[in-house]
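In the two assemblies presented below, chain A is common to both, partnered first by chain B and then by chain C.
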Partner chain A sequence: MQLTTNKKQNKKTEQKINIKAALTLATTALFGGVAQADTPEEDSWEFDTAFLLYSEVDRVSAGEAILNAKKTFSDEEVLNLKLTIDALTGASANGAVAQPNVQTFTRPSGNGQYDVVAGDTPLDDTFHDTRVQLNAQWTQPIATDYSASAGVHISKEYDYLSIGINGNLGIDFNQKNTTFSIGASYFQDTFTPEGGIPKPFASMLIGDSSSPSWDDDFAQTRIGTEDDKTTTDMLLGFTQVINRRMIIQFNYSYSMVDGYLTDPFKILSIVNNEGLAQDYVYEQRPDQRIKQSAYVQSMYHFDTTVLDISYRYMWDDWDIESHTIDSRFRIPLDGGSYIQPHFRYYQQSAADFYAPYLMQSKFELQRPEFASADYRIGEMTAYTLGLKYGMTVNNGHELSFRLEYYHQAPSDAGFEAPSVLTNEDLYPAIDAIIAQVTYSF
Partner chain B sequence: MVLIALVGISKILKEPNLNKQPNGKINKRKLTLTTREDSYCICFNAMASPCEVLIETESETLAEQLGKAVANEVWRIEDKYSRYSSLSACSKINSSQGKPVAIDQETFLLLNFAELCFVLSCGVFDITSGVLRNAWRFDGSDNLPNKNQVNVCMTHIGWRRVVYDQDHITLDEGMELDFGGIGKEYAVDKAIIIAKNFTTRPVLVNLGGDLSATSPRKNNQAWQVGIEHPGLVKKDSNKSSDKRLIVSLMKGALATSGDANRFLLKDGKRYSHILNAQTGWPVENTPHSITVVAPQCIQAGILATLALMQGSDAEAFLTEQGVKHWAIR
Partner chain C sequence: MNKQTILVIIASILVSGCSSLGVQPWERDLLAKDEMSLSSSPVDNALDDHIYFSKEASSGGKGFGGGGCGCN
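Moving on, here comes the complex of A and B:
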């Protein structure tokens, strides 16, 4: 209606262009809305398949296969099924710091030990897992301008089981130019790590694992065989069509995690005043985390290109704050293909209990309530640079390729470094390559 | 008004869509498939016009499926917006006697479009003006209505009195909607959307002269479209066939608006069936016919109609708008 008014006001001065342009816009409005409802896709399945390779230099490699099947029924009900299979192998930082001498660690299972050469960031190279994940989502209109969605999630790894449910309600206003959505989800995760759940701050048992007393001694460092956590998420969303070219979205989410949030595979080095490791202790994290995030995304459609920019601010009661800027720019090429550069920047502050190592003097005086040397909750910046190329192959199916480079640089959040540690790389950077092929049919 | 020469073998497709009339009579809707050199033509009747779908393909199955899908869509729109069928959504609105009637999204969007046309034409184009046919009968005779008859009709006209929102419409008693001015062109555009979703092969949809093509023909050739106009034929009866206007269309739409056989002639003055909804009287000095090219058929149709409503300034209006057109006076 705004359009109409504008045209009317300008009529005298610019009638020449107005009628043709106004009709073009009006035609877009006329067919934009109905066109989707009438596509012959109804009652047929649409499939997306993707294969992704993620490879960190010297560390973890992951392969992931995704099969997404979507069926739209004639009355706008949509069933979406997604199967994801990941396989991870490689080495993952165990939390200890590099030392000027060889270090020996016991594997999380208690079966065997491994050595890390002087100067290297200790990595546990037995890290491998296969995860199968299944999501099913049902969406349907429930009344004019109201749509509801419900889904289930199940994810199984060798030592991990996650079961979740979610529900979402969407309400359209203002001739569907405004959408308000409210959603909630609940997950129940059970963790049964091989070797059991380590006792917080217990010393890692190192020695002769073939000795008769080994198993009993190892059991002394354990408090159980499994533990669990629950996650409750709430999401409020608001989407507004600004004009024919621009759409903007705001989300707020509140997430409450309760239970076992510690990583049973991570340890901390206890170092003396020279910085030499005297002991390795299992980490301990709080059993609750409340995470909130605010997200804004804007898509702008230029004449042919599309710019998609988003910003997320996340904060939690562990004192982690993060900023994410993500942008994609889609440039169409001849013959239905396109290229899409991608840039993402991420910056996070450290959790209040994060420590790259613990000083023996302080640790013996007073054991901290919580501590973790996991670089993923330390201070860091990361960026991703990528390029995607998509093309339409025979029968209108889409084939796309994505290649991305990821660089993560942990930084010093102001911890004192005793003499020998000043020569070690306490905050090693991670470089990774991500390659993905997607085929939709 | 538009005929594309049909040469080849025809067959009547099975499974005609049966349209049940209110009187219980079943109207057999059928499709005819014609094979041509490197294309197929599917013909059917809808909206009181001969209709055709041309598709450049070797696959008869594809042609048949597309033809059926297009015909079903055109028949669907006809059944929904025809004011002649008492079962149509249009008739439900027209017989509502002042009460609100529920409408769906498609109708809402069409009403929005009609609203814009009303505004752009300063009220000359008005989908409530159909009741004027109670006074005007354009049968080529000299039976002009009297002013009183026209004025009675005018009391039931006025888009501004129509109240509607996304879900409902309310018409004053005696008022009627007539989607005749945009329905056929709308159906062409909807058919093109279906064709594009169906195939990447070049397709042309022609509903009684209002037409649109998805893409140029093979090897980037243009579609050759003949525009016939009775006025032309009469003027040069000796070589009528030569006077058929042949238009090349790469892609996009073409719509024609004109008075063809629909006019009144009194005391040497020709009264066109293009009525000004503001006055209830014909627009004077209109061309006999105007053909306009635009990306969408509904745009072309409205531009042609709005041009005719400019009377003697019709061609100037289109030139000023930078719209490609052909006018016949």
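Moving on, here comes the complex of A and C:
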């Protein structure tokens, strides 16, 4: 009897090892010879797999899968490989305001049009994209108390390509109780949007898209087929062990983005004195943005529970300031399982060129240098409430489930609304559900 | 006083004050736990970063906030 049970267990263990072995082999094959170094520990690959579903009420839905493989070598060298695949579908705000009548818009591709009923926030429902991303990161000690890390990133979507590199140096002091780190990353992104790059403030062409002159007329509103941007980030970090129960981290980051920062799919309504839309024009943002942030995070171990709390202050030269508080509280349960409530609060001010719509009288007198009605750079507050449940399954593998609710409430940064618009919801709230399953082995 | 000056001052105070802080190597029992790591759930963090990068005007802070997707 005992023998049979043992056999069964052995079989089970074998199957598990086989899955891991197969994945190890696949990972090795995928990334070539990098992962083929000799290791003293036979089974030292660690895998994290996760699937996340993000779903907004009436708007975007996205699914994202991650496979993360980490191998620690004997001399504390760590190789981390990550594959991310996501797919997005649904409707996204095009930037125009709701109106008391039906509105017609042309799709970003120029092929066809869509109507938005009276009183509804105009959403373009043609959004769908699939993205594949690969990351590889190598970390190793380079001298006593010095560690270095370098990584590469590539991400490809139907209309977007991003290639990035990063490097980081960590220095330990004071018996590893204090760590300084300095890092930099550089990204080169190329955007080839469907329908090309629209001419800033050109009127959206609306009419009979089957007419023979349509294609030529549409081309008049375009200035190219693709554009690019670069992102240079620098990060200074300071980590300090306070006592047996507490560790704290401070980061300062400086980020410089150059190039095409406009959203080619976003428009602004040009409204008359009553607030009725007379025209829709493509938005225009500056071609540089400098963001800075200060971040502090603390981990505190109570008798059994762990509190993780962080605060980030971000400011940029578009006049956006934001405050983010993020906290997680891990409560252990019997048998190695735990629950972890999560609360996040976010608040941002509007970019100086943000405008929910433009007044025709002013626009015709003097066209602004920059303008965008994208609510994501407008004033808003948001919060996330979530709960994670994790449990230890066979062989110490961890299975966890996370369910969260995300609420975004854009607000009025003091724009006067002409009469008709006072009856419309210019700052609609967005509700989303985030569900995630993670399996680590 | 601008923000950078304030940051430098805070950092200097921290560095000078922190030499007396910390633990001996044998007192790291709690700090060594996975859940006490500053990035205890890197996968959750990566997924959250992607969501909030796409939906809000801020990114990074904990790590690099760079490019990577056409979602914003």
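Please note the rule applied: the second predicted complex is superposed on the first by the 398 of 441 C-alpha atoms of A that agree within 3 Å, B and C clash if a C-alpha of one lies under 4 Å from a C-alpha of the other, contacts with A are read in each partner's own complex, and residues count from 1 in each chain.
Note that in this section a residue touches a chain if its C-beta (ideal position, glycine included) is under 8 Å from a C-beta of that chain, and two chains touch if they have at least 3 such contacts.
The structure presented is a predicted model; accordingly, all values stated were derived computationally and were not measured.
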For A:175 in the superposed arrangement: first (chain B), second (chain C), both or neither?
both
Looking at A:144 after the superposition, I want to know if it touches chain B, chain C, both of them or none. Which is it: first, second, both, neither?
first
Quick one: is A:101 in contact with chain B, with chain C, with both, or with neither? Answer first, second, both or neither.
neither
Quick one: classify A:233 as touching chain B (first), chain C (second), both or neither.
second
First, second, both or neither for A:44, with chain B first and chain C second:
neither
Considering only the touch criterion stated at the top, classify A:422 as touching first (chain B), second (chain C), both, or neither.
neither
With both structures superposed, pick whichever of chain B and chain C touches the larger number of chain A residues.
C
Give one of first, second, both or neither to describe whether A:52 is in contact with chain B, with chain C, with both, or with none.
second
Overlap the chain B and chain C contact sets on chain A and report the shared residues.
175
What residues on chain B touch chain A, complex-wise?
69, 73, 105-106, 109-110, 112-113, 115-116, 119-120, 166-167, 186, 189-190, 193-194, 197-198, 200, 294-296, 298-299, 302-303, 306, 320-323
Spell out the part of chain A that touches chain C in their complex, as residue ranges.
48, 50, 52, 54, 64, 66, 68, 82, 84, 86, 88, 129, 131, 133, 153, 155, 157, 159-160, 162, 164, 166, 174-178, 183, 185-189, 191, 229, 231, 233, 235, 238-245, 247, 249-253, 255, 257, 291-295, 297, 299, 301, 306, 308, 310, 312, 314-316, 320, 322, 324, 330, 338, 346, 348, 351, 376-377, 380, 382, 388, 402, 406, 408, 430, 434, 436, 438
Which residues, counting only chain A, touch chain B once they are in their complex?
3-4, 7-8, 16-20, 22-24, 26-27, 29-31, 33-35, 37-41, 144, 175, 396
Under the touch definition given earlier, write down the residues of chain C that touch chain A in their complex.
3, 7, 10-11, 14-15, 18-19, 21-25, 27-31, 33, 35-38, 40-44, 46-47, 50-52, 55-72
